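Structures follow.
In what follows, subunit A forms one complex with subunit B and a second complex with subunit C.
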Partner chain A sequence: MSEQLSTLRYYLEFDFVRYAIIVGLLISLCASLLGVTLVLKRFSFIGDGLSHVAFGAIAVSSVLTFGLRAIGSEATGRLAEVLSENNHTVIVLPLTVLAAVLLLRTGQNTKIKGDAAVAMISVGSLAIGYLLMNRFPSSSNISGDVCSTLFGSTSILTLKGSDVVVCSVMAAIVIVTFVVFYNKIFAVTFDESFTRASGVNAGLYNLMIAIITAVIIVISMNLVGSLLISALIIFPSLSAMRILRSFRGVVICSAVISVFCAGVGIILSILYSTPVGSTIVAADIAVFLIFSFLSLFRKGR
Partner chain B sequence: MKKRIFAVLAAAAIMLTGCGSAESGSSVSPAANDGYDVDLTQLSSSMVYGQVYDMVTNSDSYVGQKVKMKGSFSYYKDEQTGKEYFAVLIADATACCSQGIEFILKGDPVYPDDYPAIGTEITVTGSFAWYKEDYATYCQLLDAEIIPNDAPAEDTTKELSWN
Partner chain C sequence: MEENEKKAPEREKQLVCRNASLGYEGQTVTEGLDFSVCRGDYLCILGENGSGKSTLVKAILGLRPQISGEIEWCGGVKANEIGYLPQQTVVQRDFPASVREIVRSGCLAKTGLRPFFNHEEKKLAESTMKQLGIDSLAKRCYRDLSGGQQQRVLLARALCATRKMLLLDEPVTGLDPRAQLDLYELITNLNKQGITIIMVSHDVAAAVRYASHILHIGSHRQLFFGTTAEYTASGVGQSFLAAEETYGASAPSEEKEAEADE
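The block that comes next holds the complex of A and B.
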């Protein structure tokens, strides 16, 4: 045990490990805050759908980068560098936000409703994304690129200082928005019709939830990849709901569980060389099982 | 209202914590033991992946440093130019990606006589350098030496990515 601790202390001297832990904890905190709302609004699967949109958007941005470089002029080369240096966020974030708005805001008024719309956009983006990556590879290792995008791989350990700043700012915006509009989010989550009837612009708050969801999805892709993002959103909320009943209690408990599991997952994966995303989700599953067990005693009383 | 202000300040504090740690532009590795500036043999494979990625993306910070690394031996010959490339590859935890560093042995070694079989797990030491070809940055260990290991590498069939 002391050997593991000294190894961990040594690893913590590396900048990229500290970056991974900071970003991991911030992402997990943001995901858990919104997770409660999404689960209660029956949008648990939207994380999956939007992450696949982000995957498709990364592929589009990679192709664009490839094309700009192929043109060969100095201006296009510089533009390509800008795209690849910020992990394609300039393209990925607006496209994901657009998809989120379409799914969450107009979902009620369209011919293709709810889960069908999410499923259609999800698999459609995944297919187009893989098709583009395959036809216009950004490196010689296509399977590695796809695997890294889908499962996060070890990309959380390859963050730069600038990535940490971008992630921190995005996380701060999400947290501050959630705290400031907590009461409105609470109202929209539980009874949208009543909220509308009481004069609150529920559509505006739904739009805000959609945008925040998209931001969280985009910043989460580095941590767990696009296939495992839903776990970050769903598991902490469901675990908290096993034993707590109030909205505030569930949100706080969910945040604590999520941050704890992300921290434990990252540290274990670094020490024992396991995939970061899968290890975090495994920790989330373990906590869910423990809380489910504890809930049996709660009901028994 | 006070509670809300406190919560907003707490969130801002979290943001500043993140920003504060990100001030340095490039990553720096702590000094390794045994006379090596970077000893990758002392790290877990996840850590090695992160460290090699840092060496590739922040190449200037590592130029001239003495590096020791362990992985599977790989060979590639460019049929058009006739140039030969030798590298040591390390797979990441998900086993779908590889990070590798090219090396150039001391003296005038000849392939395949002076090299191990492809896929053999080897330890390589050398002085870190980098060069650019087209848009890609390639890292290499100069004046390198190979120390053969006992166990052969498990998988030699993966697609390779050297940058």
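The block that comes next holds the complex of A and C.
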């Protein structure tokens, strides 16, 4: 144990480890906040769908970068640098937001219903993304690239100070928005038609939820990769819902669970050199099982 | 008839619908809707499934505009000032929220851009819960309540939104007979306190017993609009009431749903 503690202390002296922990905790906090709403609105899979869109967008952006570099002039070269900075956020974020808005709008008036639309966009972008990556490889190690995009790369451990700042700012925006609009988000989640009928602009808040979801997914790509983001979004809130009976309780509890699991996951992954994303998700699953077990002892159902 | 005339001078119109056609995606569901609702009325909208009742509800709420004709608000009521009691959705059945949280969310429109509820809004929520006899449930979880209690919670929320007009969409569906009766009594009491009620239903017997006015929509057109007394005297009303007696009310289908729920 003491040996592990000293290993941990040794690692914690490095900036990049501290950065990883800060970013990991912030991301998991954001994801769990929105998770409650998404699970209750029956949009658990939107995280999955959007992260695949983000994957496709990364592929598009890499290909663009590659193409621009190939042209070779100074201007295009600089453009390519801009694109590839911060894991292609310049292209990935707008595309993902767009997809989120389209998906969450699938209410009454669409030909393709919610879950089908999510599935379609999800697998569609996955396929196109992989196709592009394969056809126009941006590095020699394609399968490594794909794998790290899907399962979260070690890039969480190669964060620069500026990445941490960007991530913290985005996380702060998400958290502040959530707190300020908490009552509105609750109303829209519980009963959209009533909220609309009483004169609240429910469409606006739905749009806001969509945009925040997209932002969270893009910033959490680094941490757990696009296949595991759903876990970060749904597990904490599902665990909290097992035990707690009020919306506020569920939100607070899922935030605590999520941050705790992310912390434990990151530390374990450092100690035992396991993949960061999978370890965090494994911690989330463990907590979910424990809470499910505890819920058996509650009165009532 | 006579009663109607006696009331006439003090009656102030709140909602007027003139020759409205409703539908969606270019398809007309029902047309020629012509009716008005006055302050303190208890209007029951009857019709078979698919006759356009829910489309009419959406039009009244302004969620889906009418194809043609007019739906006009007057007498100090605005389109966005209706307390709406929607049909329960799947999402709500297992929603982890306390009764107090849900009732308070009725005050949301009053908050505007302010992020949190103020003292008055919280007090309004508490007093409304007391009024509907659910103050003892305030900390309970919505999904653990019985169907009748859940409807009271949603009714309390609607009353927090407005005291002018309530629009109830099949409020008793899925409730056991006892809870149905309780809810009808409660609604009648609210109506006596001066709240205008519009209720969508397919329970003809209850409509005739409780409502002051009836709007009956058939397939594609309006069959009847007038006071309840006129309805029971009219051909449409008599034929439906007779059918009701013969087949033992439309209740069986609802009771089945109630059983399935438990």
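Annotations for the structure displayed:
What we mean here is this: the second predicted complex is superposed on the first by the 295 of 301 C-alpha atoms of A that agree within 3 Å, B and C clash if a C-alpha of one lies under 4 Å from a C-alpha of the other, contacts with A are read in each partner's own complex, and residues count from 1 in each chain.
Note that in this section contacts are C-beta pairs under 8 Å (C-beta built on N, C-alpha and C of every residue); 3 or more make two chains touch, one makes a residue touch a chain.
These figures come from a predicted structure and were not determined experimentally.
After superposition onto subunit A, the partners subunit B and subunit C occupy separate space and fit alongside each other. Within the superposed three-chain model, A:187 lies in touch with subunit C and out of touch with subunit B [touch as defined at top].
Of the two partner chains placed by the overlay, only subunit B lies in contact with A:10; subunit C stays clear of it. Of the two partner chains placed by superposition, only subunit B is touched by A:270; subunit C is not. In the superposed model, A:244 lies in contact with subunit C only, and not with subunit B.
Of the two partner chains placed by superposition, subunit B and subunit C are both touched by A:179.
Chain centres taken from Cα atoms put the angle at subunit A, between subunit B and subunit C, at 180 degrees to the nearest 10. With both complexes superposed, B is the one of subunit B and subunit C in contact with more subunit A residues. By the touch criterion stated above, A:41 is placed in contact with subunit C alone, subunit B being left untouched.
Of the two partner chains placed by the overlay, neither subunit B nor subunit C lies in contact with A:259.
Shortest separation of subunit B and subunit C in the overlay equals 6 Å (C-alpha atoms, whole Å).
According to the touch criterion, the shared surface of subunit A, contacted by subunit B in one complex and subunit C in the other, consists of residues 179-180, 182. Of all residues in subunit C, those touching subunit A in their complex are 24-25, 61-63, 78-86, 89-92, 95-98, 101-102, 104-106, 108-109, 111, 115-117, 139-141, 144, 154, 157-158, 161-162, 167. Interface of subunit A with subunit B (complex): residues 10-11, 13-20, 22-23, 26, 29, 69, 77, 139-144, 147-148, 151, 153-154, 157-158, 160-165, 167-169, 171-172, 175-176, 179-180, 182, 269-276.
Those residues of subunit A lying in contact with subunit C across their complex are 40-42, 109, 179-184, 186-187, 189-191, 193-200, 241, 244-250, 300-301. Considering their complex, residues 4, 7-8, 11-12, 14-15, 17-19, 21-30, 43-47, 49-51, 53-54, 57, 92-94, 96-98, 135, 159-161, 163 of subunit B touch subunit A.
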